[in-house]
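Here it is, the structure, as structure tokens.
By letter and in written order, the chains are A, B and C; residue numbering begins at 1 in each of them.
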């Protein structure tokens, strides 16, 4: 196979991977700070995708333009979930919190099924078939726009955590829970805020992803798993790790789909997950587990 | 050389537990440095020292929770450093935890049965032994309560009962008298003295309650900043100026 | 944890159980086919729930990929039957062997490498997903197009080849459920049972009492896997078709843990009560919805999700412990105790 095909597929995977990375970033933020394993992550993204589809089919509104409102809706959802469900039960055993979100995920997926039905829905923008050409490289315009949007949102999130007061407060909570309490931080509110932020990430990722593929309710669980694979591979609690993991998975998925059968590409993701869990559970960029 | 064990006058008994030059570091902090001492068979030895001296770390090293970076630990002549905690228990070492770890969802009796199962294959036999041990520790009236509902002193007694039920040759007790009333302390002291005299149970105990240390120990080892600063009979050690200095400010004496 | 009532003289609890069992044995003679199939479902979920409960409720290891063992058991026995005509009673040994080996592999990887808690759960999910995708591409067992068992004659009951009416499957699954219950009861009172509970409550304390964590964790994983695979065998011969997308799917794994969680993790009756409650309520919901004209796919799952949510939030020990206390079937034992 000519090298240019590999290159195209790899780049395409890389761009898609950035969007995956943004989705995983949300999970990483949530787990890194609130220490909640958000089993409803992919389902939340699916909700965002459906919102984008609904807005597009009703008002012809481009998902990328609707990024902020969709992210805001998901932020509210995430905030309410943490404040209403997880916060009151913060002292329960680990698997209890996990099962809580499993239940929420079940409800979400099936509610979507009931409301929208099982058929795939998509968004067909004006530039859906455009592409950019750079020498041997031909990339879909949608992928480029989505990837750029993802990079911008991720950068915004990094900046928030690094420079804003609230962002620093959240990082303090993550680093030292007791210390944060001692200094008088309202940890529960910050937790809810963080979950909201993670949800907003996933909402934004959903708005971008709907440009790249069609949505069905069943997408939710698949993307929850994918988010976990990415976050664990890249490093739980490491934000750059989530992005890096996303791009890595995006590229390997794309190449595996090219070299083997397309449906086998997920097997590589899981194989990678098992290897990482065994040999480097902190992931590529994560800190060593305490 | 600091920390070298002094031979116990008049004892020809072999040491059941020999610690020779063990060290352990945590992220650069030397918790235990070149610690050596012996616990003769059938003796009761106290391990004392101010908070943070490294006493519980020593216990964890002996019991196999951590692996010493240097030195040797021998139980009845066999090297046990590097062994897993369950292997060391099966070799005859029982221990309690400073932060008690009851099996909260099981009853008091069931907790002790778990311990007794180390020496019996059948649950029935283990239950019989457990019932005896529970009575010895004065927990009979609570034996069907869930362990999670016990008061702290009772939980400490449960820790001891559980470890005793494994029929150890040597028992490591980590601050089991903390929080007990003087009468309860005396009762525990009486129990350990009895077990030591009747069954020859060897005991190594970490204690802040000096009343118990003085009453029980034939020999005391003093740790400070991870090193042994004195070894000897309790009367001598408590008059040692180096020991008094490290305790100044602590109201342990 | 011990059941004093099984120690000797018949008591209220034993009499009740015997009556219940008698009722269940007589049931098919009185009920219609639909009700029999409902109970078949209940017994199936009670059985696999009990098997899962061994790992979670007894030894504290959370598996979210248990459908893996159902699927492996199903495919192994089905393949031997379809390709070689081997009776499922022989084929099930292959099922058990395959499932046990896989469980041992997962357990070994997890426990040797210190993968615990939520990471362990994710590992189990990964293995189930891997199997789903792998079987999708394995043409010897039909691949994604599905694997079909030949259906001869519904009227005739062939127990040897597990071909027959729902009534036959009813009794097979009833026997399995009762067997699983008795097995778990015996295990709880055994040395292994005590050790598993100890590991669940405090692994460090367990180690300090001479318990080999690795060995006992491995044994519960392998046993649970083997038990579950038998459920898979019956699954294959009852439905007569297997699709990797369905059999290994994560929603199957979640489905089969609903009954024990709702009923009560770590209790003996939990999975059974949970299975009864869930299935009965779900069928009731279905009936109501059909009557109202709202037959929409997904409503049942929403209902399951809500049940799970309610139980996790408000009844963390499940439905059975408070129910038992209410019915005074807990023999003066304190609430929240395992094993009953």
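Keep in mind that, in the parts below, a residue touches a chain if its C-beta (ideal position, glycine included) is under 8 Å from a C-beta of that chain, and two chains touch if they have at least 3 such contacts.
Model, not experiment: these values are computed from the prediction.
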*Which two chains share the largest set of C-beta contact pairs*: A-C
*Averaging each chain's C-alpha atoms to get its centre, pick out the one most distant from chain C.*
B
*In angstrom, rounded to a whole number, how far apart do the mean CA points of chain A and chain B lie?*
51
*Can you check how far apart chain B and chain C are, centre to centre, with Cα atoms defining each centre and the answer in Å?*
44
*asked:* Can you work out the whole-Å distance between the CA centroids of chain A and chain C?
replied: 33
_chain B residues counted as touching two or more neighbouring chains_ = none
*Using the touch rule from the top, collect the residues of chain B that touch chain C in their complex.*
63, 65, 84-86, 89-90, 94-95, 97, 101-107, 110, 113-115, 117-118, 121-123, 126, 144-146, 149, 162-163, 166
*Show which residues of chain A lie in contact with chain C when the two form their complex.*
37, 85, 89, 92, 94-96, 98-100, 102-107, 109-111, 113-114, 118, 217, 221, 225, 228-229, 232, 261, 263-264, 266-267, 270-271, 273-274, 277-279, 281
_Complex interface listing, chain C residues touching chain B_ = 1, 189-191, 194-195, 197-198, 200-202, 204-213, 266, 333-334, 336-338
*Which part of chain C faces chain A closely enough to touch in the complex?*
56, 62, 64, 109, 113-115, 117-119, 121-123, 125-127, 129-130, 133-134, 136-137, 144, 250-251, 254, 261, 296-299, 301-302, 304-306, 308-309, 312-313, 316
